[in-house]
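To keep things simple, chains are lettered A, B, C and D as they appear, and every chain counts its residues starting from 1.
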Amino acid sequence: MVRVAVWLGHLLILAGASAGATLALGVLTGDAGTLRLTLPRLFPFAEMSLCVDGLSAFFLLVVALVTAAAALYGPSYLGAHAKAPLVQTFALAVFVSCMAGVCCAGDGLTFLLAWEGMTLASYLLVVSDTRSEENTRAGLLYLVMAHAGTAALLVVFLTLAERGHGFDFDALRTAARSLEGPTRSALFMLALVGFGAKAGVVPLHVWLPKAHPAAPSHASALMSGVMLKVALYGIFRFGFDILSPTVGPLPASWGWTVLSLGTVSAVMGVLLALQQHDLKRLLAFHSVENVGIILIGAGLAMLLSRGRGAESLATLALAASLLHTLNHAAFKGLLFLGAGSVISRTGVRNMEELGGLARRMPWTAWLFLLGAVAISALPPLNGFVSEWLTFQALLLSVAELGGASGLLAGVAASMLALTGGLAAACFAKAFGVTFLGRPRSVHAEQASESPSPMIAGMLLLAGACVAIGLLPGYAMRLLDGPTQQLLGGLGASAVVTAHGPLVLSGAGAKAGLEATSISVTAVAALLALLALVAWALRGWPRRAPRRLAPTWTCGMSPSSRFDYTATAFAKPLRLIFSAVYRPRRAIAKETGPSPYVIRRLSYTGEVVDLAETMLYMRLKRWVTATAQAIRAHSTGRIHGYIAFVLVTLVIALLLFARA
Amino acid sequence: MASSLLWLTPLLSFAVGLGMLLVRDRRVLATLDVAGSLAVLGLTLAITNRVVQAGPVGALGIFRADHVAVLFLVLIGLLAVAVSIATVGWMRQELARGHMRAERLHYYYALVHGFIATMLVTVLADNLGVLWIAMEGTTITSALLVGFHGDKHGLEAAWKYIIVTTIGISFGLFGTVLVYGAAAHAQGGVLAGAMNWSSIVAVAPHLDPGIIRIGFIFVIVGYGTKAGLAPVHMWLPDAHSQAPTPVSALLSGALIKCALFGIIRFHTIARAACGPEFSQGLLLIFGLLSVVVATPFILAQHDLKRLLGYHSVEHVGIIALGLGFGGRLGTYGALLHVINHGVTKALVFLVAGDAIARYDTRDMRMIRGLMGIAPLAGTLLLMGALSLAGTPPFSIFISELMVIQAGLAAGRTVVVAAFLVVVVIIFAGLIHHVGQMVFGTAAASASREREAHLPMLGMLLLVAAMVLLGVYMPAGLDRVLARATEIIIG
Amino acid sequence: MSVELATRLIDVLGALLLFSTLLILASGQLFRAIYAVAMQSVFLGIAGAVLGAATGNPDLWVIAGITIVVKAILLPWLLIWVVRRIQIPREIESVIPINATLALAAGIVVLAFRLSASLGPVRQAITGNALPVGIALILLGVLVMAARRTALVQMVGLFASENGIFFTAMAVTQGMPLIIEIGILLDVVLGALVMGILVLRVRSSVDTDIADLENLKG
Amino acid sequence: MEEAAHIEKIAAQAGLLVLLGPLVTGFVQKLKARLQCRQGASIWQPYRDLAKLLRKGTVQSDSASPFFRAIPVLVLAATVTTTVMLPVLWASSGPALLPLGDAILLLALLALARFLCAIGALDAGGAFGGMGASREMTVGLLVEPALMMAVFSVAVAGGTTDLVHLAARRATLPALSWQAPDLLALFAMLVLALAETGRIPVDNPDTHLELTMLHEGMLLEHSGPGLACIVLATHTKQIVILTLVAALFFPLGLADGSAPGALVLAGLAFLAKLLALAIFLGLVESSYAKLRFFRVPQFLGLGLVCAFLALALRIL
């Protein structure tokens, strides 16, 4: 009975997702222009409406993609080990529809309502999976951060609505036109804080790695893969559309802020991810990294935006960042689903206790590897495409901008390179330790492949990763709408795929010079060809048959204890970047009769998240301490009460009795 | 006919109260309770209907119901019904635990209805003197209810309550006298109903601003005490935490609002007499103070009901802010917030009462995993808390939205900023407390008896209102609110 | 009786009322305080009568009568009954030392007079110095409640401050409507009764003064 | 037609690089031997080793997964793919008919190879593989950004990251048009090349003590043809790196047509560059000791700083 309901729910979600996808594609491919729909008037003071333009449609597409996969994946997953499958199905439905609502909102009120609905539904998903104290705390932190963000957004929306006499986006735009510079920038910064808190921008990210893993895995996929994007949608919508001045470039301060925030988030996110042993937490931290990468592109586009004579370059940057949005949704969704299938089969999240799953769950393993390659920005998958575009944009703008901004772009470029390397290392670790080697626990020992619906969900996203990687030109066409809408000028595809859909070219190079262009498709073909050749080479000439033998462990009989653990794998980086990690370690030695005979060594170590310890912990401690102190001062004496009344009256009389 | 309703309504509930003194049987009492409340609700709705149809209506020269009044009237009726339904279940638990003695039940019910009657008179009064008398009446009846358990803490709370609020109210009376004096002077000699709000408002622009200022200061400090505005709020957490839970619900949900009603009446006069800046400025200051002062006590609180008490302080502050920001939007938002907070706070108090009964403690550190042992109550508590904290799709979000927008419209950016910061902090505190109560695993000692669904009806009624107003504004309510706004800000 | 005479009389009575409140403040004995407030109520009644004579408004006579009956006889009697009922220390313990209290009182009186001095034409609406005296009485009454510990003294303070209100109310153009005055007095009596009940119940259950309870805090 | 010719050129260059790869290794080994006053093996030894390995059978770890066998092949493929992106003999500044790639793609492909290698090392599930993988990835992620920055600093000047165009463009500049950034970038490149080619002082190609291995450590479990693939990949990677340095900084004598004279010249120039860089490798390797692994970051830090300065000076 319950199972049927869960299935039905997910099928409905799937249907909704496909509907949304078709709608979005319709708008993006230009058949249907901008769609408008006025909702029944719920509140006297504001008219509510939906409006799907290019930008909305693109993000709607992102939502729909991952949602479809999650809907395929969900039922079996929930069936496996859910506390309250019905509640979670319901919450999931609300969650995705609210995300779609935010993307399609045509006015501030609809936006805010959907936005908060999104928060609440995801909160429900976070706390409903396992009722542990930890999850409760994670949910609390999440809710508080989200609420703080919303407070900032409220100011932005209400200020504009107040000036524009209406919540409708057009009204907000007209209101924004009349703004003077400082106010405009102040509002943008507020919006950045509001959306950044939801998007997990460092240092507002602390809730993310705690909350995302706590939800059921396909919900985590949606939170990490899509919800962050919805927040980014807000940044795009406000930065380029609503708050942007009608003429002239965007204020340089915006681009600077976004670009630097993006860089910091990218590096910090991946650095912290490297030290995680909880599969899902690791992935969550990578979301911080990728949001950073997306913001790098966005910030660059802001710096280059209108009226600096580099339209095509700005378009390139924006296209890179938008494409990465789509890509990250695809591969992060895939990875979370993969992690989920591991967890649902083993019940273990700590990768130290896994291992050897590649043989037991081959599908999951292959797909996870694919996702890992994609997220590490390795060719020939989609992650590489968007990062290549970002690199091109950065390099060309270095020359274009020059000076401090140029240097910033240069630094961003090198940091991006570092990020790529770190990500590769991180996923070599994650994949290797989780799926390869020998199983390190009975759970891993007894694991078996997940049911086909879950595999199907992953396949969908994997397909997206490969398709975007090999045929980037076609994905690029989807970006025409948003890029033209936000920056004007030529669309993305005109700029980026100048030499045909299979060739990417970093446009906007200096006059008279040939734009750098690559064809991932061709390279992939070459790769495949060479692989075949090599395979043939190793197959020929005939030789003695293949033998199996135990791994070389200096002559001792190999066991899973010889496997290199995740902690050990990340050790060099822990030392190199100890300034960031502030690693703590404790080694307890249990010696036998003589101090030289060691019975047992137990090692415990941890790294800290600087933002958490330096900012939030201190803030929390300070606030609670003050509150305690104030509260301690209140005596329950009635005379005090009366005195307060008397004094208040007297003061009020003294101050206000006379005009 | 319609005019007679004005005095029939309080009279009815008073009569019900008196009648109860003669009854001993528990069931009959409960039935009378619910029936009486339902009748009151019906009558209030009838009055509302009349007012909406044909404008304000007066009676006996001292009663009058206009659009402002009916808002509060309906709120009282609604809460009366919800509370009396919930009382059924609560009373069972209390008797089971021996906190209530069966032979004293009729006093309890009688007092509750007397209390409701006085509140009705308060909002129906046109004559400011009658307003004051009824207000003092609420103090007396509810003070007895606060101390009803007769334990040390209850009596202490009752004493603080009656003493402090009586002082406050006497200030209110003095303010009333001054305004009356000014009015009588302006009208030249005493004429019929010189003490009636309606007639005073008529001449308000000609009143002497100097004396009105002093009068309004006395009123806002006086009735403000009763309404729980900081810094004269201190009795409130004591009383609201010690009172029997249904009474707490009424105190927080309805009584505070009656005091605000008094303030609003005088605010209208003061606005007309000395211009908006004066009274709005005062309201702004008290509002901000209340919101800020409540914060630390909410954060570092362990007693569930005290927590809710301080929350009432915060929300009264928000209402005052709305009035203080002024303008159509602010006033509208404040009035809407009166309804929203009344409904939500009553709900939360009732659910909290259930939780407290289950765990037999008010210490939030002892209450864990309510969701596990009482799913419905847990859900309601969570929803209520989220609503109190101002998250959509619950009603309070909408009114807070309006208040904030009004603040920005009034150009009070600093106040709004401070307000938002504090609200976020309070949100953190509240969700921290509630999250830990709702989730986690319950102690073995907690009672796991199945939830009786009939009493829950009362709460569900409130939840329905809470969610409905969060996602939709009925046209009728909107019209009443708009008209009431006009009445207040002219 | 002519208006000037009335005004002069009212001023005198106002002074007497102030004086009696100061007596309450200064008194270290419970009974003295009670007698002082009773005396104050008598003055109040007289004031009512004077105003009634001056304005020829019969209501004021009635009010004066009721005032004397209720506030000068009934309530003091109630207090004394309570005191006799429960054995409590007869001397008043202070939260704020008496001299400090008196200093504060002086300040408050000055404030009250400054305030009403700032008022314009409306002063004619209120006979004599009834307004400043009223304000002063109210604040002083509350001061008593804040500065003295015993519950009963707080009740005394409350009555004193209410007397202030009544004084002003009477002096306002020909007094308030009779019905209202009666209602108010009724409330006062009821309130006093409830307070008395509370005091007695605390005494009977836990043998302390209710005003000393301070367990509810924070 | 022209496209076909283009493909031929590219194929020829790629083949050349793959074939010359082992020779460079052999030459360096010979040089080292001589510097250590040893006779040393012939410079053709690497070819013999490869042939031998190809003929051998395979011994595979019993705990390895199905991935294991595919990895050498993929590593080789990824590495060899990079060879088509380099200007070896030809460099035309005209539009690329086959946009096969640029510096970024090249580095990314090398990273892919490294990634796969590391996975293979973890697959067998021995401590040494894991250690090797961990260290290799660490070195790799330290080298990569620096390498990128060095390349960028050149690319910014050239306005493109396409190596062929870069080379062609720089070849047109007067021979001694070097500025400070170029020198810094070159220096950085040389430092990083040592690390990237797995040479002392970062790694020791001919160690056989597991604990000191970086790259070798990852290959422990590979054997026979599989090992051959990876070794070949290693040779190829080395020559690719050297060619990259050459293409970025000494784009001299590159032919712009298929005139035989120009071709011969280009060939000789290429050999000369390789020789110079190989000698550099050999000299450094025989005059330094291998660094402790945790000193390596400081060594690479040098390259990182140089590369960053090169980029910064280029921009400002």
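Note that a contact is a pair of C-beta atoms (placed from the backbone, for glycine too) under 8 Å apart; a residue touches a chain by one contact, two chains touch by 3 or more.
What you are looking at is a predicted structure, and each value in this text was computed from that prediction instead of being measured.
Asker: Report back the single chain whose CA centre is most distant from the CA centre of chain C.
Answerer: Comparing chain centres, D lies farthest from chain C.
Asker: Would you say A-B or A-D is joined by more C-beta pairs in contact?
Answerer: Most C-beta pairs in contact, of the two: A-D.
Asker: So how far apart, in whole Å, are chain A and chain D when each is placed at the average of its C-alpha atoms?
Answerer: Computed from C-alpha means, the inter-chain centre distance equals 34 Å.
Asker: Could you state the distance in Å from the CA-based centre of chain B to that of chain D?
Answerer: The mean C-alpha positions of chain B and chain D differ by 78 Å.
Asker: Could you please state the distance in Å, as a whole number, between where the Cα atoms of chain A are centred and where those of chain B are centred?
Answerer: 45
Asker: Taking each chain's centre as the mean position of its Cα atoms, how many Å separate chain C from chain D?
Answerer: 100
Asker: Where does chain B touch two or more other chains at once, residue-wise?
Answerer: Residues 156, 159-160, 163, 167, 171, 210, 214, 238, 297, 300-301 of chain B touch two or more partner chains.
Asker: Do you know which chain C residues sit against two or more other chains?
Answerer: 115, 118, 142, 145, 154, 211, 213-216, 218
Asker: When you check every pair of chains, which ones turn out to touch?
Answerer: Listed by label, chains in contact pair as A-B, A-C, A-D, B-C.
Asker: Quick one: which bits of chain D touch chain A in the complex? Just the residue numbers, please.
Answerer: Touching chain A from chain D are residues 54-67, 72-74, 76-78, 80-81, 84, 93-96, 98-102, 104-105, 108-109, 111-112, 114-115, 118-119, 121-131, 133-135, 137-138, 140-149, 152, 155-156, 159-162, 165, 210, 220-221, 224-226, 228-229, 293-294, 297, 307-308, 311-312, 315-316.
Asker: Can you list the residues on chain B that touch chain A in the complex?
Answerer: On the chain B side, the touching residues are 156, 159-160, 163-164, 167-168, 171, 209-210, 213-214, 217-218, 220-221, 225, 231-232, 234-235, 238, 274, 278, 281-282, 295-297, 299-301, 329, 369, 371-372, 386, 389, 391-393, 397-398, 401-402, 404-405, 408-409, 416-417, 420-421, 423-425, 427-428, 431-432, 435-436, 439-441, 471-473, 475, 478, 482.
Asker: Considering the complex alone, what residue numbers of chain A touch chain D?
Answerer: The touching residues are 355-356, 358-359, 362, 365, 369, 373, 376-379, 384, 388, 391-392, 395-396, 398-399, 402-403, 406-407, 410, 413-415, 417-418, 420-422, 424-425, 427-429, 431-433, 435-438, 499, 503, 505-506, 509-510, 513-519, 522-523, 526-528, 530-531, 533-535, 537-539, 541, 543-554, 558, 560, 562-565, 568-573, 575-576.
Asker: In their complex, what parts of chain A are in touch with chain C?
Answerer: Residue list for chain A touching chain C: 631-632, 634-639, 642-643, 645-646, 649-650, 653-654, 657-658.
Asker: Would you tell me which residues of chain C are touching chain A in their complex?
Answerer: Against chain A, the touching part of chain C is residues 95, 108, 111, 115, 118, 139, 142-143, 145-147, 149, 154, 211, 213-218.
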